[in-house]
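One chain, chain A, links the two complexes that follow: it is found with chain B in the first and with chain C in the second.
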Partner chain A sequence: MAKYLLKRSAQILVTLFVFLSLVFFIVNAQPGDVSNFYALNPDVPPETRERLQDLFGVNEPLWKQYLVHLKNTFTGNFGISFSHYPRSVADVIGERLPRTVVLFMTATALSFYLGFGLGKVVAWRRGGWFEYTSTVSGVTLYTVFTPWFGLMMIWLFAFKAGWFPIGKFLDPVLWRDAPIDANSVFTQMIITAFAVSFVVLTVFVITAQKRMSNARIIRIVSMVLATLAVVAVWMSWGTVSYAWDILRHMVLPVATLTLISFAGTMLLTRNSMLETMREDFVMAARAKGLPESAVRDKHVARNALLPVVTSFIFSLAFAVDGGVITESIFSWPGMGQTLVSATLTEDLPLAVGAFVFVGIFVLVAHLVADILYAYLDPRIRY
Partner chain B sequence: MATVNAQPAVPSSVWRARLRLASRSVRENWGLFVRTRIGLLGLAIIAMYALLAVAHPVLMSTVWEPRIYDPVIGYAFDETKQPAPPSLKHPLGTDPLGRDILSQLMFSARSEFLLGLLAATVTVVIGTSVGAIAAYFGGWVDTILMRLADIMIMMPAISVLIVLSALIGVEHFELALLIGILSGFGATGVVLKSQALSVVVKPYIDAARSAGGGHFHIILVHIVPNLLPLSFLYMMFTVTSAIFSEAVLSFLGLLNVRMSWGLMIHTTESAGYLLQVAEFWWLIFPASLSITLLCSAFYLVGRSLDEVVNPRLRSR
Partner chain C sequence: MTTDPVLAVDDLKMHYVTQAGVVRAVDGVSFSVERGQSLGLVGESGCGKSSIAMTLLKLLPDNARLVAGSIALNGIDLVPLSEDEMRPHRWDRISMVFQAAMNSLDPVYRVGDQIVEALEAHSSSAGRDAMERVRELFDLVSLDPSYILRYPHEYSGGMRQRAIIAMALACEPDIIIADEPTTALDVIVQDHILREMQTIQHSLEMSMIYISHDMAVIAEVCDVVGVMYAGKLVEFGPTADVYARPIHPYTRALMSAFPSVRGEKHELVTLPGEPPNLLDPPGGCAFNPRCAYATDECRTTAPPIVKRGDQWAACWNPSDE
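Take a look at the complex of A and B:
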């Protein structure tokens, strides 16, 4: 295992190197150099420009520039954003990365839950109209032109019905004289979500392992208790209305992302179920006289779960990349939207920073996914 | 699946037998394909758009006057207000710049097909070669190709395409090449290699080798034909992702193209009609629905080909 990890990390490093070289190549293919862009901005004094030129090493030979580029990347020093002047790129990214990660963790978890549940049923009712309609509508949603779908969601639920805000991360009118800034509220929300899911998961695992007869009651009670605790804690903080505002802004993007991606899980589950259903133990379970739903959920679905879990882990790795479109439609200030708006406004340092960060995030997530995969599937031994 | 191997100087009766076998396998697989039903739906949609794409040049040279109906530089002089709602002369209305929407839609269908076909061909040619070569030679060739595949898979594809097209200037041809390379050296190559691995160990490969067949001959004549069904399946998925990427990039205004479905929505957005969905539906729905329908159609065909190619999915 240790040897495998070492090998994998080395590969990731090589990939990262290739990726960074690609970035350097693209940036260098631009006419002029990075500091020329600053020349257009009257807010940037000449001293700052010179400092930036030193930072990017634009007056040095090419190979030295390349080394400077690598050094800047590894020290997280991407320069200063044009569109967010005078904030540094690292600062902007540090604010936006959590927003993306939270949005996509939620959406990915929801879509896998939905997709797995539907996939089970679809595989079981193979050949019927249910399979036909759910496959066609699932595939349509899966391949739908995402900007259009997001737009229709905004138009229906935000513009016409007015149930949700039209886009963005928060409502500026509400936050104008807020005693606390959005990032700290958001951090509190993340901590709460982690704490609650940890408690609930622990209860589930314990009740499942001890095979308690009243497991269901214990689970429900624990969930209610956790909810009450959260409400109490937030009341004492006095920031409930602000958290609620952020949550309201999250609903539409999360719903959109869930709807466009659940079909992938559904079809994967279906195929995995169909393969498992041919096994002998399924026939044995049926022969024992178990009800169909028990055979489906306890015997087939559990064994069909492995590829689904794998794809879940891998899709978390690509969350940052895949959300580029949805984020820019909903103006959700995450990494994807930052990347698109920075490229469109030619904010080169921010674009490079966001691009490099997305790349690094995907690579690291991939490494984690590999480790988890090896841990989950006992057939894989390195 | 029977394969037809091209060999010189074979008696004609052998050819007849092979033809019969091939036609029987086509008929059987067609039966499997039809039974999934979703594949037929996909084929119908593809056929419809293919018809639209073919009809455009014909209409332009006969019924439609280029001055009015040209998808890029035409102007609907017969309408007083742009964008004009659907009418007899303009069945889908005109866009904010006074160009006929149906003409744009049909004109773009052709370039979407070309883009998809090119991207899919590049993917499959690269993917099949990578798969066959990696599986046949093994060793360090395999290691290098698979590590390259890792790199391609780990690239954040959409972000790479966005940054490249924004900074370098990408047209349809380059986009198709980029998608083909990313997917051919990446995921498709890996899948085809795993299929090729099961072909390489078959006795007829040994037989071919002991009969004196060279590496090139064995790969081309004995391995690649057995990969083709799976390659064909992945062609379908590549077409979907190519059309989708093109639409997204041109919607963001990053692609250097004259007209495409994504660009039509980009025009709508930049003219400020994006949230007036009910009032100006013809500016938004035709292009978006076309992208969605054509993407799903290729995906559905791919899914039902999967049932044909992958015996583990067949119903008992």
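Take a look at the complex of A and C:
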């Protein structure tokens, strides 16, 4: 496994290198350079423009610029953002990347859970109104025009019903006199989420591996304890109302992303289940006298999961793409929106930086998925 | 033996309802198996052997209909039982060694765990006790206990078959159905496994039903044999009698299509034609289109039962050798 990880990391570095080169050359394929901004500005004399060109090194030969770009990227120097001057690109991205990652991780996890759960039931009880309704509504949502659907969600649940805020990351009125900045609260939320999922996962894996007879009780107790610990910690932090505000802002974009994407997983799960149901080991599981629910979940769904996970890995890249649209509609200040505004305002350092980080995110996600796959399918050994 | 049979099947009829019509896969089959006895069912592919196996466990696809008959297991009729009532009987009293042993183990679980799963479904013994039982079972089928925590893909074909047999034995059932238990194995492994199954069967006093198209396998392990054709039993009797003096022309055809090691050499005779389409079986005796002795009676009227000692056959023109 260690050897595989090493090999895979090397591959990732190569891919990253190719990706960085592509980003550089695509950006440079545009006519002109940063100083063009000021070409028509009568207040900026030609000498100042030349000084700017020298400063950004755009008069150097392309290969030299390319090497500088590579060196800067690998040393973590992404420069200063034009539109967020004087903040550095790394600073802006450090603020926005977690927002996007959290939004997408939540939506992806939910849509996978929903899609897999529904697909499982639909395959098990073929025919009937349940299959019909979930398939038709799933496919409708899957094929709907995303911006329109996002706007409809806002109109319905934020504007008409007034249950959720219309957009953005937080409510500025609430945060005006806040003793703590939004990023710190958000970091607290992320740490909590990770800590809880780590504890729950560990308990599940340990109880499964040790073959404990009272596994279920241990799991429930540990979940209750984790919940109590979370409540206690947040009380001591005293930032619950601020976290709640951020959570409220997350609901609509997460719901939109989940609804437009769950049908893919659902239909794939359904097909994969139907295929697995014909396998001999399913008949054997039934013959063993297992209850239907155990046959479905432990044997059919568990094996049907494998191809679904494969497609899930591929869909990660598209999740980041789709984020550009969703984030813009919900004014969610994440990577997608940053990418769009950086491109529109010709904030080249930020645009390049955003591209690079989205690339790194997708590559790392693939690595994680590979490791997950080896765990899910014992036939795969690296 | 005079005790009640472990399994008594009476006039069992199981049909598949397809778009093309009703397929009479099992069409009025009756037999019984005594404690410790082994019954063999032989016949060509598509004559309803495996359908009988699936019917006995009531593991039927949605389009199958149990039309008539009874399956008495230890005196309890399984036919009217609901799925929930049937579940405790499966594996605990009647288990199965599947035709495709290669694929009967779930690839994502350790073999030991899959046997534990069967044990846990039928008793409260969990955790350590169950693992202890798995170790005993592995010992019984001569599998290396270090393989308990391995995955099916790490097993060879023969080992998987042994694991499947260990699994079938897990709950000490009264009867095990072995559907083509060794067809996918090479002859050496096949022989080993059959011998071991016999030894285990005798030591545990279990009953067995062997289903095979291989006359040699049946001859080796079965006390009684039933020959199936088109969803019906056409001949039934003690293995030695049926093999020595087959009554039904179909049994004779099957016999002469297999080589024998001892005795005179003879040319193998292939039986022309195919088993009939069970959607629309021929009238009278279903074997009549392929039978060299067929008469008009055979084409119109169901054949009578001809008895000879414990052996019987359904035929108009029985061999009187």
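Note that in this section the second predicted complex is superposed on the first by the 292 of 382 C-alpha atoms of A that agree within 3 Å, B and C clash if a C-alpha of one lies under 4 Å from a C-alpha of the other, contacts with A are read in each partner's own complex, and residues count from 1 in each chain.
The working rule: a contact is a pair of C-beta atoms (placed from the backbone, for glycine too) under 8 Å apart; a residue touches a chain by one contact, two chains touch by 3 or more.
This is a predicted model, so every value here is computed, not measured.
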Item to check | Touched partner set for A:96, first chain B, second chain C, both or neither | outcome: neither
Checklist outcome for this item: Of the two partners chain B and chain C, more of chain A gets touched by chain B
Checklist entry - Does the superposition put A:328 against chain B (first), chain C (second), both, or neither? => result first
Checklist entry - Does the superposition put A:145 against chain B (first), chain C (second), both, or neither? => result first
Next on the checklist: Help me check something: in the complex, which residues belonging to chain C touch chain A?
Outcome noted: 57, 59, 83, 87-92, 95-96, 98-100, 103-108, 110, 116-118, 121-122, 126-127, 131, 151, 153, 167
Checklist entry - Can you name the residues of chain A that touch chain C in the complex? => result 211-213, 279-281, 283-292, 294, 298-299, 302-303, 376-379
Next on the checklist: If we count contacts the way the header does, which residues on chain A are in touch with chain B in the complex?
Outcome noted: 11-12, 14-15, 18-19, 22, 26-27, 29-30, 126-127, 132, 135-136, 139-140, 142-148, 151-152, 154-155, 159, 267, 271, 274-275, 278, 318, 320-322, 324-325, 328, 336, 339-340, 343-344, 351, 355, 358-359, 362-363, 366
Checklist entry - Can you list the residues on chain B that touch chain A in the complex? => result 37-38, 41, 147, 150-151, 154-160, 162-164, 166-168, 240, 244, 247-248, 251-254, 265, 274-275, 277, 284, 288, 291-292, 295-296, 299-300, 303, 306, 312-313, 315-316
